[in-house]
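Multiple structures follow.
One chain, chain A, appears in both complexes that follow, with chain B as partner in the first and chain C in the second.
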Partner chain A sequence: MKHVFVFDPDKCCACSACMMGCMDQNDTDLSGGGRCYRQTFDSEIERDGGVYCAYLSAACMHCADAPCIDACPVGCLSKDPETGFTVYDNTNCIGCKSCALACPFGAPRYRRDGGKMVKCDGCNIRVKNGLQPACVRACSFGALTCMTEEDYAADGSGKACSALIDALTLRRK
Partner chain B sequence: MTELEAKIKAKIPGADTGIEVRRSLCAICSPSHHCGVDCYVKDGAIVRVEGTQEHPYNHGKLCTKGSSLRNYVYRADRIKTPLRRVGERGEGAFEPISWDEAYRVIAEKLNTVKEQYSPHAVAFFSGYCKWYRPVFQRFAHVFGSVNFGSDDSTCSAAKAIGDRVTAGSGAGPDMAHANTFLGWNYDGYYSAHLSVQGVQKLKARGGKVIIIDIRDTPAAKNLADRFLQINPGTDGALALGMAKLIIDNGWADLDYVEKYTHGFTEYKALCGQYPLDKVSEITGLKGEDIYEAAKLYATNGPACINYSASALVHHINGFNSHRAVLCLSALTGNFDRAGGNVPNPATYLHKPAGFRTREQEFRTNRYPGGQKRIGAERFPLWDAQFNEFQAMDLLRQLETGDPYPVKAVFALGMNAKMFPQTDRLLEAMKEKLDFFVDTDVFMTTTAQYADIVLPACTSVERGELKAYQGGYLTFTKPVIRPLYESRSDVDILCDLARVMDLDDGLLKQGYKACADWIIEGCGLTVSELEKSEFPVKVPAARWPAVPGKTLENGFKTATGKFEFCATAIADIDPKYGLDPLPSYRDSLEDQNDPQTRQDYPFYLCTGARLPHAIHSRAHETPWLRSLRPFPTCEVNPQDAGRLGLKEGGDVELYSPYGSIRVKVKLTHKIKPGVILMLHGYTEANVNLLIGRDHLDPYSGFPGFKGMRCNIRTVQEG
Partner chain C sequence: MKKIAIIGFGCAGYHAAREVRRLDPKAVIDVYSDTETAAYNPMLTTYYVKGAIPYQAMFPFGAPQEAAGRLGLNLFPNRAVTGLKPEERALCFGDGTQQVYDGILISTGASAVVPPLPGLDLPGVFKMRTVEDAVSFKAALDGGTIRRALVIGASWVGIKAVEDLVLRGIACTLADGAERVFSTAVFPETARRIERGLEARGVSVACGQMLDHVERAADGALAAVMQSGRRFEADAVAVCLGVRTNTGFLKDCGIAVNRGVLTDCHMQTNYEGIYAAGDCCEAADIQTNAPRNIGLWHNAARQGTVAGSNMAGDVREFGANLLVNLGHYLGYSFVSMGDLTACRPEDEVLISEDSRFYLCAVRGGRSAQMHQRDRDAGVQRSHQERFYQVHRKSWGGAGSPDRLLAAAAGVSCELYQLFRRETA
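Let's look at the complex of A and B:
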């Protein structure tokens, strides 16, 4: 069953609990140079003489047509046929960063030791075992959810992460 | 990687992976929360933490801090063994000693002070967390000292006293039945994550939300139908102005006022002094916005109000500001009405759970008397209404020995950074104390001044009694063994009671015996609670609270009514100048002389909540710290432009009392002239800037959220 990350900017507050859940799941070692796969944004956008507040949470969008997959010269990246997540096996990674250049969202990260690529894999194995992705599990406000493609289509919210930029609704201050 | 290896790496619980889910609670933040957690444990270590889905309080949800619990538990600055100081106080040089040796020294030193001076010369002080306090307070009293104090001297107690002298009790918002929610200083997203859903539901069924805050918060963006961005410290004036509008426009519930309240004539006269144009001038709000908010709250009922534990009462005018807001509830007939604010007394440790425990008796039935508590002379209303010493007078009494010397401090989790002019307190403790023992999870600035330091464990390494909304009670079990040589705070206290041979069978029997005594009569015992990994429904519990009981049986005040004009304040000696009415004063009235205004033109508000921090206790947790790596003040871009301050630049923030170096963040979320600074940083403790006497005379609470300051750029290096 293919899965979709859904983000509702009207429920987010950039509290970053999603990041904590992600780092807990992935044993992120910040002192060793590790970085969280997910990032939150507490942004103020000045436009038309007003200021708009935007609260966002973003990681790998798991694009349907993921450019990172084609960009990788050694075939590290692929689509999991079951979940649809963009997953990887970095055994052969040469650290060329082509995937990062191809990614419009800056999702790939590189280990300080050895320079191998790591990224959000949608908590692929958790999802296959009936659990939610760690970031979704940590969100208290319903801003970040993960649902099957069928449920997403039925839901009609149109707030899939890959449609995030378009769906951004900014309220005038 | 085999499939099993991949499952272990992904931390999937099961017999095959050897990962077991064990239940506990998170105690990083205030005990009015403490969410249930699932700890994924492998080989005796926690590998992952999630909220417990089956938990009746948090239903699987955790906040930012709770989601970092594993990182908090395994922090590098955990205290590993009991320590004895070998250098100067404050130097941080210690040697490890055994528990037996630590207990022997503590017993000897405390008894020496008791014999040389008096038992009251030992001040017992508790910082966070509050869970062990019943045992600690009883310990202090059995030892013979009247002086048990805690961070309640600056946290939520002022609100509780304001509630008590006005209405006889506090009253929470009945969100499920309200049509309008007046979120006064409400930002649940940052400080009460579980409350947001209630507001979302109210909106979904067509209810209206008013948010009043000095900061444009996520609640203002996501929830507010009306957002009033008020000048800081002026909430009392707004509440009185709204009351005048409500009275003048005939929106008041005069039948309710007639039947259930006391002092309306005087209150009405007070409100009469706050016409709309004046209130607009003070608060910086448009008259029409104030009018519409007052109308919505008063006419689209039932309407409930959020009362913040600290946002208002951390001003030197805060006690009466809170009361002024509270009075709106009675004026509109919303107090103790469905959909309004409904009294629901705490069952245990600030948590209402619909049944009675003997917590208060346990804490106070061995009160020794025979001496005035610290702060009693200076803060008589506090002393009359709260059974702890007012710690904001500790520094003065240490320095002067008036009315009697304080020579020892026995502390659990004491945080000197909580005290205005922290450096002065630490200096006085260094010079004046014969003995100081502190217990903490982590090595803190304060612990470095102690003669003996004891290592405490965290919530997941111990068992504890906890009540929850809905009529639940639990006694948790440790999910891992205590790290290093750390012990549970209550075990330390009960061990010491035995070593010191204190005259109290309960303490000497241990924590579980104490807990059983406290909950006797509820229909369950500790050993029965321990059989369940989840909170258990208490047979005696009546939940939810039924509105109207107070109206029917009378308010627990001198007149039996809701007191706009509080008898308990009128009873205080007039020489203290306390007003029984919720009158308004300027929140900077002690710093408004022309020179101070000119030298310190900014309004400093400290401690406005951010999701990754709670006081000082989360700052050194690496995952949380990564969200804001440097102590940072927030400044409006208009001010920054005028002063040449740049995003991320280094600045000095200073007041007549002290200065700190921090980074700058520019934000439109606060008004020009206001500076926000999060508290609790060791390297940039903003409470150095708060004057030691900048206190609310009603409660003794410091004006943490209203202080004059100035800002200037500093060069690198």
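Let's look at the complex of A and C:
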């Protein structure tokens, strides 16, 4: 059953709890130069005499037609047929960064320690076992949810991941 | 029932076959290959020589029979297609037989250029393209008898060969015919930085040296003699002079071929039902709007998928063909998008530098370049620099996705904004 991340920009305040959940789940080593797979953004922009703001939480979008999969020369990346997440096995990763270059969002990260690519896998193992992704579980405001495509289609709220694009348009503070 | 032929079972051929099968479970897909080797990525051969990946990792799709079984293909290994009759959509074979198809994909790839100069067939002279090349180069290096080596051609493969040698402690010279390394791919200042970086690692760089011939020196070593008369003696010579498309079998058959097989946005050639994809073709370059042969793994995958989709009857277009270079060697990373040769002399080159990045951009939306280095990396990493060339189109878009990309690459927000302002 394919899963989608749904982001509601109206409920996000960029508190970064999702990042804490992500880093805890993935044992991200910040002191060793590691970076969280999920990033929050809190942008305030002055324009036309007003201050506008945009709050955003972003990680791998798990694109249906993910360019990183084709770009990887070693075939590290693939789609999990069960969850639909873009997953990876970096055993043969040569650290060439082709995936990061192909990704419109820069989701794949390069881990200096070991010289291999890592990325958000949607907490694939958690979801397969009926749990929520760590970032979703950590979100106190319900801004980030993960649901099956069927539930998403039935939900009808129109709050797709593409609502991220809406989050990028400016809203008056 | 559709009958599809795929000539060449590399990255483009595999992706086309997979797409045809996905869209048309009943189609007959015949795949012809002039080898029985599995589809491999030429880019990985130097990584295999380095020891970064095991032998099997060069074959992302597994054994050919395995891939054929998975996708339901009729695989004909060691059966080279020797000619094409485009009006009849017929393939011709060496034994005089022909086969007619509804759709044909030409995905024959490219081969290493070996100029017809004396001595290039001597033992100890290597080219770097195929799995066989990599195996013999690795065996020679692992043998421990090579003390000094010469790499001819500052190509992206050439610089990887240099890395393979340096990491084994083999004294190495990099020679190139042009006045500077990567003369068509990087800004002159970037080329000088690359040269300085190589020299700091003990590599001797000799530019402006065109090879005349290779001969056996008196002591049994090889000697590469340049047109200038200069001699380079070495135990091994790696020839990395670029690649040539495998299109010889199409000569005079009517299929339009320039450097590669010319294709339209559907990856179709000048004959309906006959497609080309991958390293053997030319597709529209979004920077110059002219057809261009850009041999990249990602391009081959996308072009093959588009061609497969069209052969199966689901019309799709190939959207983006842009020159991209990725080079990683000796702790350096080089990434570029866009083609410097499309820049005009009057284009203004903007340069910006901080503790981590060195940026070059060409005003006018033609090309841009970014170069990154780590100041805080300490002595051991003092030569670790990363070069980026970024085509402005990919950098100056709607905003945040670019910024996410920049953040992922480690570009500071301030520098990103500076860059945006300067190239806006």
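In the analysis below, the second predicted complex is superposed on the first by the 161 of 173 C-alpha atoms of A that agree within 3 Å, B and C clash if a C-alpha of one lies under 4 Å from a C-alpha of the other, contacts with A are read in each partner's own complex, and residues count from 1 in each chain.
Note that a residue touches a chain if its C-beta (ideal position, glycine included) is under 8 Å from a C-beta of that chain, and two chains touch if they have at least 3 such contacts.
This one's a predicted model, so the numbers in the text were calculated from it and none came from an experiment.
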| item | value |
| --- | --- |
| Combined model on chain A: chain C and chain B, fit or clash | fit |
| Partner chain(s) touched by A:M23 [first = chain B, second = chain C, both, neither] | first |
| Which superposed partner A:Y55 touches (first chain B, second chain C, both, neither) | first |
| Which superposed partner A:F141 touches (first chain B, second chain C, both, neither) | first |
| Angular separation of chain B and chain C about chain A, which is computed from CA centres of the superposed model and rounded to the nearest 10 ° | 140 |
| Partner chain(s) touched by A:L131 [first = chain B, second = chain C, both, neither] | first |
| Touched partner set for A:K11, first chain B, second chain C, both or neither | first |
| First, second, both or neither for A:S31, with chain B first and chain C second | first |
| First (chain B), second (chain C), both or neither touched by A:Q39 | second |
| Smallest distance from any CA atom of chain C to any CA atom of chain B, in Å, after fitting | 8 |
| Contacts on chain A seen with chain B and repeated with chain C across the two complexes | none |
| Complex interface listing, chain A residues touching chain C | 35, 39, 41, 43, 54, 56, 58, 67, 70-75, 92, 94-98, 100-109, 168 |
| Complex interface listing, chain C residues touching chain A | 15, 41, 43-44, 47, 52-54, 57, 60-61, 297-298, 301-302, 305, 324, 326, 328, 333, 335, 337, 398-401, 403-409 |
| Chain A-touching residues of chain B, taken from the complex the two chains share | 6-7, 9-12, 48-51, 60-64, 66-68, 70-71, 189-190, 193-194, 196-197, 200, 216, 218, 221-222, 611-612, 622-624, 626-627, 667-669 |
| Complex contacts: residues of chain A adjacent to chain B | 10-17, 19-21, 23-25, 28, 30-31, 36, 44, 46, 51, 53, 55, 123-126, 129, 131, 137-138, 140-142, 171, 173 |
